[in-house]
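Next come two complexes, and both contain chain A; in the first it sits with chain B, in the second with chain C.
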Partner chain A sequence: MQNEFSAQVKTAHDGRVTVVELDGYLDAYTAPEFDTLLEQLFTSGQVRVVVDCGSLEYISSAGLGVFMGHIEQFRSSGGDIVLCALSPRISAIVEMLGFPHIFRIFPERSVALAVFDRQGTTH
Partner chain B sequence: MARELTISAELKQLATVRSFVEESCRELDVPEKIIWALVLAVDEICSNIIRHGYQNAQGKIVVGVERTGDAIAVTLRDTSPAFSPVRSASDATIRLVRSGHGLTIANQVANLHYQPRSEHNPMNTTVISIPMG
Partner chain C sequence: MTSIRTPLSSTALISPLIALAAGELLHVALSSVRVTFSGVLPVWLSFTIGVLDSSVVAALVLLVAWLVVQFSRSKDAPDVEQFARWLRWCTVACIAVLAFPSFRVDGIAWVIVENVVVGVLIAGSAWAAFVLLRVVRSYRTARTAVVLRSLGLVMLATIPLRLLEEYVAPGSLEVVYVFQGMVVCVLVVLLARRRRWLNDYTRAHRWGIVWWCCCVAILSIIVATQLFDSSSMQSSTLRQWLIGTELLVGYVYLALATYTSVALATVVSSGSSAARKTFEFDAITFFNRVVSEHAQPQQLYDTTVSLAVALTDATSAVLILHESEQWEIVATAGLDIQRAAALELHAAWGGTMPDEPVVVPYLQEDEHFYRIARSVESYAQSLMFIPLREGSVCYGGLVVVSNVPFAFEQSDVSSLAAFAPAVTIALANQKLLYTAIERERLHRELMLGKEIQQKLLPTAIPPLNGWDVAGWSEPAMEVGGDYFDYFVLGDGTACVVVADVSGKGISAAFYMAKLKGICLALAPLCRSVQDFVLRIHRVLDGGVLEPRVYITLVAVGIAPAGSIHVMRAGHPPPLGVTTDGQVQVIAPSGIALGMVETERFAMLTQLQILEYQQLSTLILFSDGLLEIGLPHANELGLEGIQRIVQRVHANNCTAEQLMHNIRANLDAMYGATSYHDDMTMVIMKRPTTQD
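Let's turn to the complex of A and B:
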């Protein structure tokens, strides 16, 4: 069924960076789950986040809206939400909404993680 | 003859709609690239009908998939209060807001046409089509 969605949270860089691995279908039905997760990360002070979309099969505007709704919050706290490993189809949708002008997007997780090697405001 | 599916107007049904459109298009030999775009547009419009038309109240949506000449078309019929799920979208690009981007996506990948219900037609009708030529 195309409404399966999961988000696995891991840490990198000795716990300084949080990696969220998205898997499945992020649509208007599953977006609230991801929204809650980002809110929890922010509340717990985990504001340096890499979202790995390598296993994400589908994203709709509702899913993208979750990113939009949190990015300023994370950046204003000295963090950022960085995306990586987008499939060509996910990239196409993301580009339709001008995401590359707002978010930093990298082909590989290692490159995305390197963004946070630099201290301070990351955008 | 159009393939039809009736769903309850709930967000959890979006996955069923996507699967139905995808499978119907494959049976109609629609190219994969067009299937992807059509599924994307239908998902966005269906979501709009559920959230803004029915406003999460009970209701139904009838989904029809049909090849019409040189195009593939999905028709969504509903009885929600007057609401156009394809009304002109403002330029949503690069706006840091949560919602309102669905029409931007749907308009970029498909042609949208909305006909509100009337005394002659008891259901709102939204047609989402993509030329195959």
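Let's turn to the complex of A and C:
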């Protein structure tokens, strides 16, 4: 069953940071789309990425696997993938997995963007 | 006439006549000036006019010859009906004038009439030469071409013989006449064989052509017999030479042979058209019968090429299927696949299959094929292509090949085009059928995979250090990434594991199988649950998992001494039911397997030791259970499971009974048919005797 999913790419901080707004269901069916998007961002050198999950309704293990598959790549290029605005449900899922040990997760986008201002890409 | 593209318009065909008429008028004018003013003009001027007269006529005759050669190279059928209409009445008038001597008038008027007659005749001979060249050209490489050339040489050789007979030994070479007559008969038969383009004309037009051909033949005979004796004719030097050397006799034979053969072919083609239509109908009917008998693909392909050859009188045919930008030759008739590939159709058309039928009359002269023409000359000199399309979908193309040039006419295109839709529909049906079969095969393989995966899970779990254990797993698809099992560790601890590979389907199932192998290998070596989980992680961290794949796992160990050890690697926390019926969440901290290096994993993943006396039941499950209800309703969640367990739990029921009760509740709430994710549940129940 194909669920609705979209990922909007925006830039912030004069183009130094890329914001990806996720919307809908990020599951096994839609994960390849997001995977391709992250690959494109990496290829084009946009390695400072804030993923806004404010409109994300559901994320499956396949969707979380996309983050796992790219994080080292982005960090080794001096960037990072930062998550923000997770709903309580999604927050519970990522916490259960132990994601906060790997990813920086913030309640609001502005705070997530400030991370890149403050300390660049240090994790 | 069927719609046919013809660059050979009636104006083009009539151009030799116009050129000759102009030449004749000029000749008459110049001759008249020379004759009328013969005593007045200076010698040099009279001589110049004479030279000019001969030169003009010679130049015009050369022009006519050039036009004839050019027209004979035309790729399409000539607009013969229009041409016939132009010449028809001229020819009839000429016959009338020559057949009735009483019409004759003296002086310059008769000279003009004679010149007009000869002009018409020479235009007719141009037409005859055009037809002859066209037909000979179509025989270029065949054995018949040799015969035609030989006959031409023999005819030429008879001219000096006839001159000898005329001037040296009259009446002694009558055998030459007989021989020439025989040659004409052979010519008629050979030429009549190559008149396929006549099929493009309607019956009325064909009979018009026959009528005109007969007129020209009669005119030829009259001219040959009458103009020999004509002394009044004010002939040009060239025409005098023509008549004087008996070339006119050769011309009469040529005209007779050509026009008789055209007339014969026209009559024959009327009958052959009907026979051809009948054959087309029979071929399509036969093909449909083969298709309806559920022919195998190869049988269908072979039938297609065989019928294509028969329909077009080609020497061979090739069927090409087009899929995913690839061209594949699937069947040939009359040539092998290597020879078919040597035609290099893919390269010739730049990898794009033509949308419309294509006729290549002569490979050597085609811009796409001239490079390979020499190498395939022995079996392919002309070809025709018909695309097999249904709407915007291109299934492939049918190519018929002939070992002679100019083998295909418009009628062949029509025949093959009529056959193509039946082939296209058959190919489309075949494709649908095989897609369905392939889908069924894949489904069977997946069901086999499901069966094998189910066998990787324990069917019945024996009591583990006194605990009663029951397990259940149901993949969302045919196969999944959920896993549960039990092991006895090296220190005697009975360990129950529930794990979930990220993602779904076949890739998750392969990792699940790998995990089982790793657990089986490591279990006897481990001295505790913690050791077991850390060792599993170390193996997985060594490149077993792809970067985007991780595994959540919960392991519960019951030590021989009775203590309960729990390790949770990013997995949903198990529930514990206390002896007084309270449902608790057992959530030691931890991170999923494969996310970080082993040292960090060891630091982040904590062991929790539970008090044996306080627990009566442990319930382990995968996240699929938490997400029941998605995507259309609210998910069950951890609280939902807690509520169900609270409701159905009883101290005196077995693990299997508790499992049954929980599943019955879930089915009642959400329905049993569609699960969003793989679901797994393991229930461990302390024996009641130990309460």
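To be clear about the criterion, the second predicted complex is superposed on the first by the 117 of 123 C-alpha atoms of A that agree within 3 Å, B and C clash if a C-alpha of one lies under 4 Å from a C-alpha of the other, contacts with A are read in each partner's own complex, and residues count from 1 in each chain.
We take it that a contact is a pair of C-beta atoms (placed from the backbone, for glycine too) under 8 Å apart; a residue touches a chain by one contact, two chains touch by 3 or more.
Being a predicted model, the structure only gives us computed values, none of them experimental.
A.B. asks: Applying the document's definition of touch, where does A:Val66 land relative to chain B and chain C: first, second, both, or neither?
C.D. replies: Both partners.
A.B. asks: Classify the contacts of A:Gly98 with the two partner chains as first (chain B alone), second (chain C alone), both, or neither.
C.D. replies: Both partners, chain B and chain C.
A.B. asks: Contact-wise, after the overlay, does A:Ala28 reach chain B, chain C, both or neither (first, second, both, neither)?
C.D. replies: both
A.B. asks: Pick out the shared contact residues on chain A: the ones touching chain B in one complex and chain C in the other.
C.D. replies: 1, 3, 25, 28, 58, 60-62, 64-66, 68-69, 72, 89, 93, 96-98, 101-102
A.B. asks: For chain A, which residues are in contact with chain B within the complex?
C.D. replies: Going through chain A, the ones touching chain B are 1-3, 25, 27-29, 58, 60-62, 64-66, 68-69, 71-72, 89, 93, 96-98, 101-102.
A.B. asks: Where on chain A does chain C make contact in their complex?
C.D. replies: 1, 3, 25, 28, 31, 35, 58, 60-62, 64-66, 68-70, 72, 89, 93, 96-98, 101-102
A.B. asks: Where on chain C does chain A make contact in their complex?
C.D. replies: 500-505, 546-550, 552, 569-573, 589-592, 594-596, 600, 604, 623, 630-631, 635, 677
A.B. asks: What part of chain B is in contact with chain A in the complex they form?
C.D. replies: For chain B paired with chain A, touching residues are 11-12, 14-16, 18-19, 36, 40, 43-44, 47, 50-51, 92-99, 101-102, 104-105, 108-109.
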